[in-house]
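What follows is a group of structures, each given as structure tokens.
Okay, so chain A shows up in both of these, paired with chain B first and chain C after.
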Partner chain A sequence: MHIPEGLLPLDQAAGWYVPAMAFLAAGLAKLKRLLKERPQARPLVGLMGAFVFVVSLMPVPVPGLGTVSHPCGTPLAAILLGPFSAVALGAVALLLQALFFAHGGISSWGANILSMAVGGSFVGFGVYWGARRLGAGLGIAAGLGGLAGDLVTYAITSFQLALALHGHESIGATWLAAFGSFMPTQIPLAIAELFFTSGVVVFVYRRRADLLSGEEMQS
Partner chain B sequence: MSGRHQSPSVIAGASGFLGRIDPRVKLSAAAAFLIVNLISRTPLAQVAIIALMGLLLLAGRTPYRRRLLLIAFPSTFAIFVVASQTVFHGGEVFASLGPFDLHRDGLFHGLFLSLRIIAGGMVIVVLGVSTPLHRLCLAMKWFRTPDIFVEVVLLTYRYIFDLRAQLLRMRDAQRTRLGWSSRGRGLASSRMLGGSLFLEVYERGLRSAEAMRCRGAGPVAAGSLPQLGRIDRWALMAAAALAAALAYLSLAGSF
Partner chain C sequence: MKRRLAIATAALVFIAAVFATSGRWLGTDDTVVGGLAQKAGVSQSRLLPWNLTGDLQLFVFCAGGAVAGFAIGYYWRALFNPGEGERRGANDHRSGKQAGS
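Then we have the complex of A and B:
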């Protein structure tokens, strides 16, 4: 999913940075408040950042597209810490991957934040929240959140790639081709993310219900 | 720490003269090179950046395999981009390969993009292998990056190693005791192992955070990081002059 350095033209790279930085600023403000009110949350913040880093650094090459598939981890982070905090953690994970593994990039950081951190966190958390409101069990809701967050990440990345690489073709057709190219590798990974997110959330809820975000505690 | 647990940042400190350059200078120069890489309209700038970064990588004392591994990521992307652009970019057809038409415009565009990807990737690789994370964090602080961001970077970096160590321990234990007898059992136990891994690392982190609090650490430790000394202005000016010259040549169309 990580768009490499140099693939996006300067105007598009800068354009993706604007909304990404707005979300990142909001996420950092949320994390700052969290750490001030609950200093004991530091390990959870570090652990979730590391978790997103490790999970999204398991690349499976996508033939013909010039990028890779991998699970995201941001839906799980969003369920445990809230979507804004998960955006900040996803952004940090993406920066470390770019700097120390050349996986992703600096100019493409904004685009990658929008797809994996913002898309994965908000859609993953939104689906989880909606499913809980509709009466779904914790495991099912979390799993659906993981699945949706994962697939939406790739839909957004495909759009970003289509915008940059469509050439003489239409953006829609290129988006479809890019998203279709991701699917053979991404559908199994998204299903794995469904089971993993569901399993971890249920396990954590049984042992340490206090770690789930306030939203879950109220339901 | 054994070799297999070392990250590029850990080995970065040993990368010769590159490691001794002020991280603020390296960050500024890297940013300038990345911008030049994106704005240049001809491939000469990318070729120059690749050559320069290649020389810097050779001059540094980064292990040979590590260098190849890091460059492999952008290089693989670059190959795929040439192939996909040649087929999908459109324009004049110069050959056919089975059901696919190969387009001349796409081939040239793909080659140009691939050079840009490799050049950008190499700038980042040189920055990454020559600058330990704590030095980068000090530089980020100097550039007025919010403390909370630097704090999350440091926290995440630290827990990557905890998580990895615990993951390897649990995987080895599972292999030794039971293995994964079937896919269904494997999936079920992976979910449980994932949860256990999460809680184990979290609880260990809680104990260590408690210990740090007892030693007087505040809620945001990045606020108390030491300041970097005076910046080497000559090095900064040299990097800025080089970047400005490249940018001028790129914008003027010479590059």
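Then we have the complex of A and C:
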């Protein structure tokens, strides 16, 4: 989903930066407050930062298709740390990837923050939170959050690409074509993210339930 | 034990399926994003002065993965085995006492 340098027109790239920077500022403030109020969460923040960085950079092969793509990791970070903190971690990961790993770009950083960091975190956390309110078990709710956050990330990227590159076609048709092209590779990875997110959240609950404060965690 | 066996079996099936697939293993960033850009007549550009050519990219990815892996291991241990160091210290102390007595 990393939109590279130069594909977005300057006005659109700048336009994506505005909400992305607002979310990033809010995320950094929230992260600072979290570390001050819950110093025991410091290792979890470090763990999630490294995890989001590496998992969103890792090309995972999809057997049968012969293609590769990457999961997002931000839904898991959002469930464990809250969506705003996950936005900050995702944004830092995307910046490092753009600067040193030829993944994404500086001009497209704002757009990439909105898709993976904001979309993945908020939708992942929102689905998890909603599923818990509807009575779903911890593992099922977390898994659904992981799945939804992954797919929404690619839906937003498809929209950003459609807006920039639709040419003579309609934005809707280009979005559908882009999203449809991502899906064969991304659906298996989203299912993998479902299982992984579910497994890690249940593991953390069983070993360190104190890290999941603010949620009723009866599974 | 059963769970570990299931995970190991799933990993083996996955690896076997990957090796059984003949593909170009291109990323969606290349196929989907690149395809759309080509269709629209837009090409990628570079803002940064450095470029990852040849095996430099392999090196950077290995280094980044290693650093992130070490960080994950370090924080994982701090989170889930916080008393390990203390326990080891206590054991050392105990064995030292026994040796001394």
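Simple rule for what comes next: the second predicted complex is superposed on the first by the 203 of 219 C-alpha atoms of A that agree within 3 Å, B and C clash if a C-alpha of one lies under 4 Å from a C-alpha of the other, contacts with A are read in each partner's own complex, and residues count from 1 in each chain.
In this section, a residue touches a chain if its C-beta (ideal position, glycine included) is under 8 Å from a C-beta of that chain, and two chains touch if they have at least 3 such contacts.
Note that the structure is a prediction, hence the values are computed from the model and not measured.
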{"item": "Chain C versus chain B on the shared chain A, clash or fit after superposition", "value": "clash"}
{"item": "Touched partner set for A:Val123, first chain B, second chain C, both or neither", "value": "neither"}
{"item": "Which of chain B and chain C A:Leu89 touches, first, second, both or neither", "value": "first"}
{"item": "Touching partner for A:Leu147 - first (chain B), second (chain C), both, neither", "value": "neither"}
{"item": "First, second, both or neither for A:Thr185, with chain B first and chain C second", "value": "second"}
{"item": "Touched partner set for A:Phe51, first chain B, second chain C, both or neither", "value": "both"}
{"item": "Which superposed partner A:Ala20 touches (first chain B, second chain C, both, neither)", "value": "neither"}
{"item": "Partner chain(s) touched by A:Thr174 [first = chain B, second = chain C, both, neither]", "value": "both"}
{"item": "Contacts of A:Ile156 with chain B and chain C, given as first, second, both or neither", "value": "neither"}
{"item": "Contacts of A:Leu7 with chain B and chain C, given as first, second, both or neither", "value": "both"}
{"item": "110-118, 128-136, 146-154 or 218-226: stretch of chain B that collides with chain C", "value": "110-118"}
{"item": "Overlap of the chain B and chain C footprints on chain A, listed as residue numbers", "value": "4-7, 43-44, 46-47, 49-51, 53-54, 61, 63-67, 96, 99-103, 105-107, 165, 167, 174, 177, 207-208, 211"}
{"item": "Residue ranges of chain A in contact with chain C within the complex", "value": "1-7, 43-44, 46-47, 49-51, 53-54, 57-59, 61, 63-70, 96, 99-103, 105-107, 161, 164-167, 174, 177-178, 181-182, 185-186, 207-208, 211"}
{"item": "Partner chain A, residues of chain B touching it in the complex", "value": "7-9, 30-31, 34-35, 37-39, 70-71, 73-74, 76-81, 83-85, 87-91, 105-106, 109, 113, 116-121, 123-125, 127-128, 133, 136, 146, 148-149, 151-153, 155-160, 162-164, 167, 187, 190-192, 194-196, 198-199, 201-202, 204-206, 208-210, 213, 219-220"}
{"item": "Touching residues (chain side chain C, partner chain A) in the complex", "value": "14, 17-18, 20-29, 31-33, 35-37, 39-48, 51-52, 57, 60-61, 64-65, 68-69, 71-72, 74-76, 78-80"}
{"item": "Contacting residues of chain A [partner chain B, same complex]", "value": "4-7, 9-10, 13, 28, 31-32, 35-36, 39-40, 42-47, 49-51, 53-54, 61-67, 88-89, 92-93, 95-96, 98-103, 105-107, 165, 167-169, 174, 177, 195-196, 198-200, 202-204, 207-208, 211"}
